[in-house]
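Both complexes below contain subunit A, partnered by subunit B and then by subunit C.
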Partner chain A sequence: MEFETGRSPAIQMSPRQRWSIAFTYMLIILGLALGLNQRDSTLNLASEYSNLEAGISAKYPARWLLEETGAFIFRVRDMAHRGFNTVIEVSAAPVGSDTSERNILDQLTLQRAQVLTDYTVLAYDEFRLADDSPAISMSYSFVSRDSNPFLEGVSSIVYGLDILTVRRGQALIIAFRADADIYHRELETLRWFVQNLEF
Partner chain B sequence: MNNLRFCVILLITLMYVRAWTQSPTALDIDRIKRATVFIYQAKNVNNALVIKCVSSGTLISADGLIITNAHSVLPSDACDGDQLIVSLSVDLSEPPIPKYRAEVFSADDGLDIAVLRIARELDGRLIAKGELPILPFADIGNSDDVAIDHNLIVAGYPDLGNQAVATARGTVTAFIAEPIGRGPSWFKTRAEIPGTMSGGGAYNSAGLLIGIPTSAPLGSLAAGESCRYIADTNGDGLVNASDICVPIGDFVSTIRPIRHALSLIRGARNGLTAQLISAPAETSPPLNPPRVNRLFFAPSVNDGAPSTVVGSMPNNTKSLYLFFDYDNMKPQTVYELTVSRDGIEDTVFSLPPVRWSGRENGLWHIGSREQAWANGAYEFTLYIDGANAGSQRIVVGGSADSRSQFSDIVFGTLDQNDSLVGNGSILPLGDIASARFLYTNMPRGIPWSAIWYFGGVEVARTADLWTDASHGAKVIRVAPNGGLLPGSYRLELYIDGALSATSDFIVSGRPAGPLPEIFSRLRHAAAASPSAARAAAPASSFPTSIPAIYALFDWHQLAAGTPWTLRWLVDDQVFFETTTPWLTVESGSDFTLALTNPPDGSYKLQLLVNNLKLIEQEATVGIGQLPIDRLARFEGAILSGKVYDATTGHGIPSITIVLISADYTASEFEWREDQIVALAKSDRNGDFQFARPLAFDTPYSVAIEADGYIPHAADEFTFSADQPFADIEIAMVRG
Partner chain C sequence: MLSETQIQSDRLREEGYAFLPVWRRLSLQLFLLTAAMLLIVLLGELFQPSLDAQLERIVTLASVSLPVILWLYLSVMPEYRVARPRRRLIGVAVVSALAASAIGLPLLEDFYRVGEWLPLQSVFARILGYMLTAGAIDAGLKFLVLRYMIYPRSLRVRSDAFAYAFASAVGYSAFLNIALVLQFELTMGAAAIYLLANLTIQLASSMFIALGIVESYFSDAYPLVLPINVLIAAMSTGLITALVGGFMSGSLGTAGNTDRPLFAFAMLVASLVVAMGVVYFLYSNAERREREAFASQWQSDGI
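Presenting the complex of A and B:
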């Protein structure tokens, strides 16, 4: 018995079918691209803040909580982070003719040591702002704990970085604080914030 | 299948609200207990805190104001601590846990009331303004509405911090009156109140704070019922009688009505502190031992003076007061009155040991009205610092007698028509003082006499046989050699050698018609310092956020030792009141007072002598009205709950839960502060609690965004008035 071997005859697709398949692939790719783009847009979306009275405008990550009531011009907090909520706080302080930048930072240190647990200054450094103007930075750490006395609050080690510059007779302080675990990652957010800060 | 399950979980969002519907009374007790704190007064000895005194207290504001007894928190011989530790009932079924440190904001030693403010974390760190979580607190009620037989709930800690917060129920059995302002000075109760509950709260049946259970332990303590040895304070490895004994006091049966604390509370809530800049430094306390004398009874009181003097009272007596003179008393002096009827102690009208709330010397009374005194032979015995200081007897019963009597003495000067004019108890400097009194059942020929005293020394005496009618009013006068000098005077009227009426008056001030002008040129000023204020132009309105306003006045012929009262009001409510002896020169100008950091409001300053308002001046700061405190009353639902992982069922720590204002839905929420009512963060078990109460019948929304979980939102949370506590369980879906 003889067997015939060979390929079965090819199924012939019509040009219309070919185009349909091609369009389907293209739609999938387009959908994926749009989805990725939407995701990136959502993740990188920025909100804008401006305060004419203080002469400040800034961009900050979307879906961070904006607050303007307190001893600061404004601050934004990442409420989605579990643990200490990353915060960027912008405040101003009066400066006298004899006041140095270190005087202001030391004053901050004295105040914070009264209210923050285990507040420790880690280092002082130079910092370049977006316009390449010089500023001074102070890094520090402390322990934060939810203060509700009726709950079993969890403590977090927090790293902070103050960026201080003196302009037009007043000191502008950008205070950045984040959970120690994500501090270095969140520094990118701070840099982006500083790049977009106008004052 | 897994995806389908997640979708279902996501769609229904698994938000489950469980509201506890309880009867109002049960809810009130929980709320009362949450607001009750335990206070340690401790001293730092060799870097260790040694407990000196303990007391209960009550949170009266969301920002950490506490009201308690002064005797256990102010430094004294018995309680010489320098730190105040505040413990809260985190779990109402467990003993309290130390959480904070407090400081005394204001206090009245004699009234035995102190208002504390939570100022530091337990480790000593300052609590920045606005950083203290909103704490549960008790609403203040009106103690003037309390009547005999009204129900009381007393809250406090029944031991030295070993037991959970407790309540005791009882009724008001009597009112005790003393000359310390309007209304009863004390409520009496038979509720079983341990000594450590002193300083806690007494509530009416609506759960409103109407008093402070108060009992003062004696300064000298012996081990036993009234103190406990709880720690090795001398480091000898033993806890015994060589260590410091913590006083706990005896059972409490007296409650200080909250009315007497209102000015302290108001001042503390608004951060108002008044300073008497020109007042000389406080004089040293009296060296001689305290004493009382001239004990007598009166059926009623007229402006602090006895209407008449009685030796017996008829059937159906409902008002009786014991009067006595006192000397060398201090606010730390503990006094006690025991009343016995036919040899058996009458606990209703007795006053257990309490702090002295009067001045160093003067005329005092203690008694009650509108309460039935059973017939019998009563003996009133006064104890000062635990020692018998004097006693007096009176018989109640029998028919109303028709004995001769003088009563209702008032003082003044005579006008051209020989009519007595003046304010009744203060006369200006002059030559003659007149007194008018009523007389009844006076037979002709009965001997009577009048004795006038100045500064405790007799200056005039008249003795005669009665020649007037049997009933009427009579005016007598005195003209001392050298005229009336500034100071305190007294008139005693006797019938047939027995004291029948007595009253005191003050001579002070320059004549301004029949009335004295003691104070003048009362004015307000803004300045950088007190000395600058004296030169500053008077003003009646000041800008918002002014650091201080000063008040100044001149004074005329006010003798040293004369009691005067300074009363300061904001928006017509007293926030500062003090009555002290005048300690500076008789006449002068620019006596200076200061009010630091006054908030916007309408301020009125009043100066009084003998409870008579002699002058007042008003000034406004900012808009002339106090800012509205949205958290002034504790009304609404407490929302708590748990956030857990929908897959594992375990609580998720450190998640922030956002409660959105009723003006927005969750989809309209744009992460702006003004859209948020409150934030809460879950603890290590996933439990959370919004500290501030949420308004009833108001639709709230909740939003949660957490790294690693699908965002979560829900609208239309409302709580009705019968749901003061609500529990939410929120399942978070990983994504």
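Presenting the complex of A and C:
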């Protein structure tokens, strides 16, 4: 445009203009609420897992990756997260009649201290499972480094929580690990997972 | 002897020159910016220079500052040479950048956590998702900035709204670009694409918001016109954000996947041209209608 028509500003807005601003606020709030709804419906979408041999059934976040090969019954990982992938791993081990839950956790500590950098046990606590049965929990931390040295990634601090319960001569261990930055937020996922775990 | 129409036209022209023209300067900035980004992308694609990490960081940070420098030089500084300058341009840009820093980015990354659930969705779900999260947040914040800083006191002509909307887009995208460059170790070519993407997304969105404000204020349009424009602004954000990643990433093969920055560049330039073209068409149409109405009223008054 070469030139434009000037116009003195009308300080008082017309009713139409007031309504248009009010509608715009409403639209923005509606959009944000719908976005929240879409986030929750995607994040809370669950898949089911069942293993007849181990007598376990569980629900896990649908967007997480399920793996069944390894030294565990199954594990699920959040592959979308940058850095350390949040993981929940379920494994079982036979226990003798004279073995206490604490013995098993100490055994885990000894094993992990050899393979995990700066592995430190933070606390032991009691934990209540979905059926109100008692379990013992152990929280710990370690430093995670990328296995590929060529990626030149920065190490991250990882918090972990093991929940252990002994039933029918078997110890069931639910190992949960997440990046320290998102650990407390991801604990909600673990609680939901434990609530839906049957064995 | 001058005719009445000639006198009227001269008067309008004289009054119009009291305000700095927006569109030509805006087009020039976008042309220079896209040319610079294309040059960076082509350098990266053709010569694949292996720069020192420090030097690459400096180049990417310089790319971030380029839109701001161009805007200051071509839009802000000339304002002070005209009779009636737009005095709040820098204020709008700074407040928009602060809004992105304090509300926009934390809300998107920490509350909506879009990085965790949106990138793996289908294209349609991604467009809708980005529209309802990033689009609603960005458009909402920029609308609030414009509403409380310029609407209605600083609006004298239609182009005022577009000049301030451009300032808002430059400020908002500048913060997003700084955050992007500091957070990720991007190569020069990838940085150029993502910086251009952020500016395109924010500019398209801001221009539609400005169009809504202009129609609502100058034409006293129906109350739904402004929210519809804000909705289109959010949609444009959703559309471009969802598609640019797909254009940028090549197909997955056994040797991994490679970036296709030229595809992404072409898509961004097309988005920019379409968005600006649509907004300019509607703006010039409204401006022409008002000028014709003004001229016919003048003639009927017998001046």
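Observations on the structure shown:
Basically, the second predicted complex is superposed on the first by the 159 of 199 C-alpha atoms of A that agree within 3 Å, B and C clash if a C-alpha of one lies under 4 Å from a C-alpha of the other, contacts with A are read in each partner's own complex, and residues count from 1 in each chain.
The definition used in the following text is that a residue touches a chain if its C-beta (ideal position, glycine included) is under 8 Å from a C-beta of that chain, and two chains touch if they have at least 3 such contacts.
Small disclaimer: the values here were computed from a predicted structure and weren't measured.
With both structures placed on the common chain, the touch criterion links A:80 to subunit B and to subunit C. Contacts of A:21 after superposition: subunit C is touched, whereas subunit B is not reached. Once the two complexes are laid over each other on the shared chain, residue contacts for A:32 go to subunit C alone; subunit B is not touched. Once the two complexes are laid over each other on the shared chain, residue contacts for A:117 go to subunit B alone; subunit C is not touched.
With both structures placed on the common chain, the touch criterion links A:63 to subunit B and to subunit C. Legend: residue contacts after superposition of the two complexes on their common chain; A:154 is shown touching subunit B, with no touch to subunit C. When the two complexes are overlaid on their common chain A, residue A:134 makes contact with neither subunit B nor subunit C. Note: residues 63, 80-82 of subunit A belong to the subunit B contact set and to the subunit C contact set alike, using the contact criterion stated above. Residues of subunit B touching subunit A in their complex: 88, 90, 97, 99-100, 121, 123, 125-128, 130-133, 135, 652-656, 658, 671-673, 676, 679-681, 683-685, 687-689, 691, 705-708.
For subunit A in complex with subunit C, the residues that touch the partner chain are 1-11, 13-14, 16-17, 19-24, 26-28, 31-32, 34-36, 38-39, 42-43, 63, 78, 80-82.
Of all residues in subunit A, those touching subunit B in their complex are 47, 62-70, 79-85, 114-117, 146-154, 156. Of all residues in subunit C, those touching subunit A in their complex are 12-13, 15-19, 21, 23, 112-121, 125, 128-129, 131-133, 135-137, 139-140, 143, 147, 152-159, 212, 216-218, 220-227, 230-231, 234, 284, 287, 290-291, 294.
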